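After this come two complexes, each holding chain A, first together with chain B and then together with chain C.
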Partner chain A sequence: MSRWVLSGLKTGIKTTHYPAQQEIHAGVSPGLPVTGSAEGRTAEICPTAALTSSEGRIEVNYRRCIHCFRCVRSAESAPLDWQQGYEWAARAADRPALETGAFGRSLNVLVVDAGDCGACLSEIAQLTNPYYNIHRLGFFITPTPRNADVLLVVGPATDQMRAALKKAYDAMPEPRRVVAAGVCALSGGIFGPSLVSGAGAADVVPVDVEVPGCPPPPLAILHGLLVAVERKPSAFLSSPSAPANPVEAAP
Partner chain B sequence: MLADVLREAEMRWPGNLYNRVDARSGEIECAPEAVSEICGWLFSEREYIFACLIAEERSPDWELRYVWYGAGDDGVIHVVARQPVAEQTFASLIGRVHAVDWSEREAEDLFGLVFQGHPRLGDFVLHDDRWNREVTPMRKQVDANAPLVRLLPEREWRPLLVLNAPGGFAMPIGPVYSGVTESALFLLETQGEDVIRCVPRLFYKYRALEKLAEGRTAAYALLLAERCNGTSAFAHSLAFCQAAEKIGGVNVPSRARALRILLAELERFRHHTAAIREICESTGLAVGASEAAILEEELLRLSCQYTGHRYLFGLNTIGGLTRDFEIGPCLQTLEMAQSILRRLERLEQRLRRTNTFVDRIEEVGSVSPQDAREFGLVGPIARASGVARDLRKMQPYSGYENFSFNVPQEQAGDGYARLRVLFAEARQAVGLIEQAVSALPLGPIRAETAHLAPGAALGWVEAPRGAAFHWLRLADDLTVERYHLATPSFLNWNGFHLATENFSFQDFPIILATFGLSMAENDR
Partner chain C sequence: MILSGALLILFFALCFTGIALAVVLPQRHGSFALAVVASLAAAAITGLGGIVLLSGNSFQCPLWTIPELGTLSLSIDRLSALFLVSAGAVFLAASVFSNAYMQRYVGHYSLRSFSILYYALLLSVTLVLITGDVLAFLIAWEAMAILSYLLVNYEHEREKNIYAGWLMLALSEMGTMAAAFSLLLLANHAHSMSFAGFRGAFHDFGPGMRWAIFLLSFFGFGVKAGLVPFSVWLPRAHPAATANISAVLSGVILNLGLYGIVRVNLDFLPISLPGPGLVVLIVGSVSALIGILYATVENDLKTMLAHSSIENMGLITAALGAGFVFAVDGHTVIASIAFVAALYQMTNHSLYKSLLFLGAGTVDMRAGQRNMDKLGGLMKFMPWTALFLLVGALAISALPPFNGFVSEWLILQSLLRSVELNSIAIGTVFAFCAAALALTAGLVITCFTKAFSMIFLGLPRSPQVEEASEATPSMTVPMGVLAVLCLVLGVAPTWVIPVLDGALAPYAVSGATQALVPPFLNPATPGLPPDFVHDFHDLGAQIGAGIVPASGLVVLHRGGARNPVVFAMSTAYMLVVLVLLLAIVFAVVRFWLARGRTAVRRPLWAGGIQQLRPEMTYTATGYSSPVSVIFNAILHPGAAPETREVIYEHFRTEIRRGDREESHILDRLIFTPLAQGAMAIGNLCAKMHNGKLNTYVTYVLIVLLAVLLIR
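Up next, the complex of A and B:
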């Protein structure tokens, strides 16, 4: 066993300083397209109707953008500006704010997969790796709803997961928060609404915080958790001011 | 040889149509009654491997297509039968080929077909507590946008207890069952201490991807192909593009072909690292798991730095790639991949010397070579059971025939053998990246003209979890008429029960992890 202790020590500290400081390591986020002038650009290039043009501007709806990169790599339209950063999570306007200190010092997160493609879940799994280590912030992934404070939902809410999702939410004690991560969970993405899927988690449970991205990188999901417990301010999911607090890409 | 096989088949079953489509593929058109015999012969005497069953409603007929493949010159053979749409009963192949089991059940659920001779179990893709059995989402008259008529109130679902012994009961686990896991339910049938068998109930994540593609453009369907499984997005988008390129007769430039291999292997490397992390986690080896997790995150960051996306989304396009890569970043990526591999190899060494770890995965979840063949297993799982099948070798695509690599193989078929195959393939993936980078052809990264045409074709790749087949049919207006994807997770879940006979309860997470299958890729 000592071999493992030693090798554990040797790997050294790699953990991000976020949220105390911004993380600037390259590759932590794929970034997002941003609203800009419509000149030479066409909103039709977007296959998911995430882009709309009005008054000489092209606006991005982050509930629909699936990171297909067509608006930056297509010959038919001048590339949209692309912004790094990851503080993308936004509080749903119609949900009440929390009382401060509602959850105490530690927070249990129940993850429910309501039909994701596997990428969103993979990014959630990274949150406990030493690079992000959410335990240091008092966040823990729990396997049961009974002691969960936050329900973290991914996927468009497929029909066959509706019952399980609802049941998990109903079994959670108050106060509770729901964070929907990934465009599928926000709008159905490219999968919903359809004959067998809903238009996101809000079809089944009340969503407090929305995290866009396809998939949202670990730091965006972490930002979502922080917004859910009011430890970070919310971003905005539609133009003109989205996303908040952009971070410059590392050189 | 394909030609010999077709000739011999023609002698045995005269009166059917035997077409050589090209050097490596053929089609046998026969009466529905003849399918079972011909396929049974291909499987048991000519040792062809089952790829997929494609059901198509092509008014006025049903078209049923069983696809088989072998190595090299044996090529790919489609056995096709048609009958009027009003006639919904086909003979099942299940008596001759176990590997078709799930494929027939799927076609039964989604199209309302009946496979005579197949034990009709129901509650498969469409769960019985949600929908009436009459619901058939893949039929053409069903609207992809209108919700299917649900059962209200929901019927209560009770597991079918197969075990018939005193004191026996089935313990359901799922569909939400632990930490960060994909949704699925497992029925563990037990009689006390040990679990006698495990019956997975999947398709909680059924998104009807194939249905959603219909009537859309191929460029749109590509987005669905890519997102059928986010952790092997590049492989699936590549298979889809290859199908579309075949239909249109598009020549993909050599630079794009080599870069596709580079990216596919980068994905395989990351996938296998993640799978290794999961195996460590399942045994409770926290330090090993977090070391693998560090490497996994570094590979995700590397992928993002190199391509713009951590899971390689948005790179494949019909005709090539959406972006080029300068040589500098290619070399850096190679260097980083090599240094990550060295650390992964050190982890491998330490794991091998950790008896408490090896004891947990050795002789756990074993699958015999014969079973693996019978049930049509693919990918690292098959290769760990002594069945060396790999489409990159057997039916090379994108230029794999010009690369030198071997197919790692193990004989034991247990959890440890599967882990060793993952390590060996990770090593080999980096070797392939190196070969791709060192001989990158110059030139365009996308075919100048990528015109599509009406027609149908099958594209395939060796995805990280094994063989994947994408069937695409474009209508006259070039929209998608039928899209079917057969995935390695689907093929392998069909054989999961082989690894779950008489095991002790605490080994269950380990068996699951060493199988490393995806629900998204299975459920689609």
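Up next, the complex of A and C:
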């Protein structure tokens, strides 16, 4: 016990400074492809059809990209540009804006696993560890929709989870926000649409904020929550529609 | 006196009219006639008891003389009047309730015989309370015992009921014999069969005789009162009985046992040794604890209420025992407080237990189910019954502002006054008993929150429950009246205590009213130390001075000069504060917190499952499971005797469990060994009869030799 306290004191505070400062440590994010030349078979080698070529340039659909690095490492194509950031979350344009101060100074998040593979969940679990520690921002994970402000959906909304997802959303009080995290929740990802799942959470509940990534790193999910409460600006879900927060990070 | 006599004659006339009507009228009008005539008769004895209780003029009436056996007589003093009033109130409610309730038996069981037995029971109960001599008392007592057996066994086609009835009759007869023996011992010594001749006739009794009479009478009447260890008949008799008879059984018949205990030990032969008082206290405390433990884990509503009756009888008996010990030790005021608390609890128990039994009958009739694991959600279908049962549950859980609170508070307070006792040993016993009673008071809340929530809240757990509908007014109104009485006795203790004290006045050595219910005071009140009056003012007892006549609204024990006010409380103020607090909370929520907001109803959240099934919700068994785990050593829920797994192609497809075998701790520790011992002796005796002629000739020879030797 005393050793635990002492070693803790010796280690000091290691919590990330995001969102006050950008996180610059290596490995906090796998990064996403940005754009590049459409020479060769670049668009065809993408396993999830996230890349399309238009006017000689590659356009990336982040709703589908699982950052598999194939487009970067394949010998058959010119390597795409890659960005190491994590501020990927984008607010859906068709959803109404939030009233100022609607959630007060704290935010309760209900996580619904709508049939995910476990990767997104494990990233969400990281959010409450000492490194990311979302409690310092007033964000809390809650087990019940009755006092939840944000519904954080992961997974492609399988048929078995549709009713539960809808019920959880219906049980939440207004004002409420839905954050869909991971490409499965955005487009069905590598699972859907299929015979057992739909094409993402938007089929069931109105999604306010979309967080791409497969899985999105904890900081991307945190960015999603910050976007949901309008404490961070939104990013874009396709490239090169706009620069997707290029952050200079260590390689 | 004349009015009392007229009421008594009216009562007898009504009972016989009722019997005649039951014989003459066709069965389909039987229940209506029963309800009308029996409730009038019950009202007559309530009135009679009320007149005697409030006026204090006891009623005497010699009947006729039987040669050799003395004069049969009727005599109502305030003590019997108190029992008469509570019996009358319970009978009144149960009779009105019978109108609709007995319809369910029409065409299957004879309503005619039920009505006749019911009137006869009413008569015999009244006679037990108003007879003034041993012979009439014993005849009435025996009639009451047999009639209650017959009524409990009314649904005689069920095998379980027959067993329950036999057990009840056998134990009751044992008790009657012991009680009769003790009364006859007293009569023999007093040379009088009349109770009046008993008073003050036993000054020269030695401790041996006192113990003998105490033990015999306490056993005899304790069986009827449902005290441990002879309480085993009660949880079996109640589920067998119809609801109205259950109400009478718990609210009236059990009280008769207490009446016997109080009569003998307070009136005829006042206890003058600490031993008997301690026995009463310990038996009472053990009864209370065992009763409530079994009530908490029981799932059958009526069996649960029966166990809870054992608990309440235990509480009352414990208070009586504490009173006896205090009286012997010379603390007459505290003794009176304990006796008042016991009688208060007795009256309260009659009211809320009959309310709960009538409610249980309503639930049973409307939902076709008494098992709490199968009920649920009835509040939607039966709102009034739910409300009245809630009141009953709150009252029995001793929560203010209902009546159970006042009496249990007084009982615990009087037990805590054991600090005044001179003997450390007796004080230790008091401490343990007070701890047991405090534990009991806590478990009662578990028990009755379970009962109410499992029956009325949540989802219906069986299809019949969903078809339930509210009972007719003739069933809900009696419950409502009893519920209102529970509230009235709860908020007006300062009016009730003088009446109870009056009932005890001839026996308790000193009145409790002066010590418990002070009149309104001002600093100029003569004869009181100014400090005390000052303390008293701080308690706020003078607040209602201009509005409320006579006594204040505070119950307090003045204590001695060293510590003036020992304990004090006021349920009337508590009610006011409770209402005010609720109103303030409502106003704050409604007009301040909820300003500009609208309430939105969203569907029930149950974890997002497809459909919430009743099987998924908390059950009664689950609710009481912690208690059954903690008290495993006492409750001893026998493990499943046999567990078998069904294995099909390497997969375990099924686990078959045998039914749990539960044995009551009294059966386990007392009655099973007794029965086994008796069987063993019997088997030993049976060995004498081996069928050989030579052996029998030998027996004859031995007997002959023995006779010759003795000669």
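Just so it is clear, the second predicted complex is superposed on the first by the 233 of 251 C-alpha atoms of A that agree within 3 Å, B and C clash if a C-alpha of one lies under 4 Å from a C-alpha of the other, contacts with A are read in each partner's own complex, and residues count from 1 in each chain.
Following the convention adopted for this analysis, a contact is a pair of C-beta atoms (placed from the backbone, for glycine too) under 8 Å apart; a residue touches a chain by one contact, two chains touch by 3 or more.
Nothing here was measured: the structure is a model prediction, and the numbers come from that model.
Legend: residue contacts after superposition of the two complexes on their common chain; A:Ala168 is shown touching both chain B and chain C. A simple residue count on chain A separates chain B from chain C, and the partner touching more is B. In the superposition on chain A, contact of A:Cys68 is made with chain B only, not with chain C.
Residue contacts after overlaying the shared chain place A:Glu87 against neither chain B nor chain C. After overlaying the two complexes on the shared chain, residue contacts for A:Asp208 are found with neither chain B nor chain C. When the two complexes are overlaid on their common chain A, residue A:Arg146 makes contact with chain C while staying clear of chain B. When the two complexes are overlaid on their common chain A, residue A:Asp113 makes contact with chain B while staying clear of chain C.
Looking at the shared chain after the overlay, A:Glu59 reaches neither chain B nor chain C. In the superposed pair of complexes, A:Ser122 makes contact with chain B only, with no contact to chain C.
The interface of chain A with chain B overlaps its interface with chain C at residues 112, 163-164, 168.
Within the complex formed with chain A, the residues of chain B that make contact are 127, 129-130, 137, 142-148, 150, 154, 175-183, 203-209, 211-212, 219-220, 223-224, 227-231, 233, 274, 285, 287-288, 290-291, 293-294, 296-297, 300-305, 308-311, 313-314, 322-323, 346, 350, 353-354, 518-521, 523. Considering their complex, residues 112, 144-146, 163-165, 167-168, 170-174 of chain A touch chain C.
Within the complex, the chain A residues that touch chain B are 3-5, 7-8, 11, 14, 25-31, 47-48, 66-70, 73, 110-126, 128-132, 141, 143, 155-156, 158-161, 163-164, 168, 189-197, 214-215, 217. Chain C meets chain A in the complex at residues 600, 602-603, 605, 607-610.
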